[in-house]
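The structure that follows is given in the form of structure tokens.
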Amino acid sequence: MPLDVYLNVVVAGILTGLVYGLMALGLSVIFGVVRVVNFAHGEMMSIAMYLAVVLFASFGLDPLLMLVPIAAVMFAFGYLLQAGLINPFITRPEHSQFLLLVALAIIIVNALLLIFGPDARTVQTSYAYDSFQLGPLLVDASKAYAGGAAIAFAAALFAFFRYSRVGTAIRACADNYTGALVIGLDVKRLYALTFGLGAACVGAAGSMMTLIVDVTPIIGPTYTLLAFVIVITGGLGSMAGALLGGILIGLTEALAGLVFTPSAKSMFAFAILVLVLLFRPQGLLGQRLS
Amino acid sequence: MSAAWLARFSGGAWRRIFVLLALLLAVLLAAPWIVNDYLLTVLIVILYSAFTGQAWNIMMGFAGQLSLGHALYAGLGAYVAAVLFVDFGIGPWLGFLAAVPAAAACGAIIGFLAFRFGVAGVYFAILTIAFAEFARIGFDHIAAVNASAGLFLPVRQVAHNDVWHLRGDPTMFYYVILAATVVAFILCRLLLESRLGYFWRAIREDEEAARAAGVPTFRCKMYAVMISAALTSFAGVFYAFFYNNLFPEQVFNIGRSIEMILGPIIGGIGTLFGPILGAFVLTGLAESLNSIMAAFGLSMPGATQVFYGVCLLVVIVALPEGVWPPLARRLGLFKEWP
Amino acid sequence: MTALLSLQQISKRFRGLVAVDGVSFDVQQGEVYAVIGPNGAGKTTLFNMIAGALKPDQGGIVFDGKPIQNLSPDVVCRRGIARTFQLVRPFPALSVEDNVLVGALLHRHGIGEARERAQALLRRFDLFDRRRHPASALTLPDRKRLEVIRALATEPKLLLLDEVVAGLRPTEVDRLVAVLRELNRDSGLTILMIEHVMRAVMALAARVLVLDHGVAIAEGTPDQVVRDPAVVQSYLGAEAV
């Protein structure tokens, strides 16, 4: 195969990987602060995707424009979920929290199946078949927009955690739960905010993902696993690690799809996961927990 | 057996348990004469779920190792037995003898990697999912098992039930899975009350403290994975011969793994009777729901699963121990019956 | 007397920070030996190395004539060293009796036999009446006692006690001390204890090692040690003045 085919696939993989990264960023933020493993992450993503699809089909609203409103809706969903359901579970054993979210995941997948049926839905934008010519590269316009928006959203989130008061308070919570309680932070509210922010990442990523793939109700578990693979690869709790992991996995999938067969591409992602779990359990950019 | 054991054995609670178990078994044995074909199929599904739940419970409930990839072992069992039957004409029971080492070896590999490299808790659960997904995608590309096109077992009409080849009517399958469930129950009881069983419980409660008390944690956890995997593989053999078709997308699906863990969680993790009770409660309620919907002429794919999810949610939130422990306390059975 | 346990120039670093620095001492067969020192002196690190929970960076540990520094905790226990934890760690959902049973099963394969042994120990330590309670339902003193019983059930030659009387009221301290002294005297059990509570150290220990910042600064009888100027300076100073 000529080199430019590879280059095109590499670029496409990186751009998709950025959207993956944003999705995984949500999981990482939630785990890093609330210490809850969101097993319903991909399912939340599929809610966002269906929102984007419905808004497009009913009102012709472009998923790129709807990115912020959908992120806001998902923020509210995440906030309420944490405040109502998960906060009382903070002191329960790890597997108990995990199973709570498994239950939620099952409900979301099948509720979507009940409402939308099993068929794939798609968004046909006017620019769906456009592409940019950059020297020898042919870049898919949808992927370029999606990747760019993912970077912008992630940058906004970084800035929020770095510079805003609430963001700083949330980081304090993540570093030292008891300390945060002692200095009078409303930890439960901060947890709810954090879960909301994680869900907002998923909302934005899901909205953009509709530009790249079709959506079906059973896509949720796939994305949950993908988010885990990415976050564990990058390092749980590391924001930069999530983006890096996303790019790495996007790239791996794209190349595996090209060199082998597209249907086997996630095997390579799982292979990376297993290797990372065994040989670098803290992830590429994560710090080893004691 | 010591006098202390005999004393426990003949206690009042024990007598009640035996009466209850004997009654339940009698009803189940008589069931094919009482219920219609539809209900018999439901009972088969319930007992299948009770069997796999018990197998999973050995790992999670007894030894505290959360596996979310048990579909791997069932799927392996199903494929090993089916391939031997289809390609070599080897019957299911010999197939099962081949499936056991295959599943146990697979469990041993996962366990070895996880326990030697310190992959624990939620990470361990994700590792088990990863291996099951690996198998799902892998089998989808193995031509020898017909890849994603699926493997079909020849269905032939037999005049008599042929237990040796697992060919026959639902009643035969019903008794096979009933026997398997009873065997699994007895096995679980023996395991739980064995030296290994106490070591497992110690590991479940606090692994570091268990090691400090001399429990060889690595070996005990390996036994847990291997026994659980081997037992689960029988469910796969049964599945293959009951449904006569296997698709990697179905048998290795993460949904199968999740379904396996619902019963024990709802019934009560780590208890002997929980997985069985959970299977009855969950499948019983779900089938009732299906019947009601069918009576109203409704067909809603996903409704049953939404119901499963809601059940799971309610139990986790309201009954963290599951249904069985509070019920057993109510019946005055709890002290002697974990 | 022969040394049952011998530490030879043991060192352990955590990320460049020296927790234990070249510590050597011998514990004789049948004696009660105490390691004391201020918080952060490296006592628990030392303890974890003996119990196999941590590997020393340098040095050797010889127990019963054989090196044990590369063994895992369960093997160390099998060789005859049982420990308690500073923050008690009974198996919470198991009954008191089953907690002890787990320990008793180390060298016994029959459940009935091990259960009898567990019950005998529970009687001896006044926990028999509560044997059916889950361990999580016990009070702190009882949980501490349970940990000691579970450790004893493994039939150790050496018992490692990590601040076993910390957090107990003086009367409870005296009760536990009496039990330990009896064990040492009657069964000849060798005990290595880390202790903050000097009351317990003075009552039990034949010899004391003082650690400060990972270094052994004094060794001797309790009376000698508390009069040692270096010890008074570094450890007892604040309390003595």
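As written, the chains take the letters A, B and C, and residue 1 is the first residue of each chain.
Heads up, the rule we're going with is that a contact is a pair of C-beta atoms (placed from the backbone, for glycine too) under 8 Å apart; a residue touches a chain by one contact, two chains touch by 3 or more.
Everything quoted here is computed from the prediction, not taken from an experiment.
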item	value
Intersection of the contact lists for subunit A and subunit B	none
Per Cα centroids, the chain farthest from subunit C	A
Chain whose Cα mean lies nearest the overall Cα mean	B
Chain centre separation (subunit A, subunit B; CA means) in Å	33
Between subunit A and subunit C, centroid-to-centroid distance (C-alpha), Å	49
Mean-CA-position distance for subunit C and subunit B (Å)	43
Touch list for subunit A against partner subunit B, complex	37, 85, 88, 92, 94-96, 98-100, 102-107, 109-114, 117-118, 217, 221, 225, 228-229, 232, 261, 263-264, 266-267, 270-271, 273-274, 277-279, 281
Parts of subunit C lying in touch with subunit B, wherever the complex brings them together	51, 53, 72-75, 77-78, 82-83, 85, 89-94, 98, 101-103, 105-106, 109-116, 119, 132, 150-151, 153-154
Residue numbers on subunit B that touch subunit C, as the complex places them	1-2, 4-5, 193-195, 198-199, 201-202, 205-206, 208-217, 335
Partner subunit A, residues of subunit B touching it in the complex	60, 66, 68, 113, 117-119, 121-123, 125-127, 129-131, 133-134, 137-138, 140-141, 148, 254-255, 258, 261, 265, 300-306, 308-310, 312-313, 316-317, 320
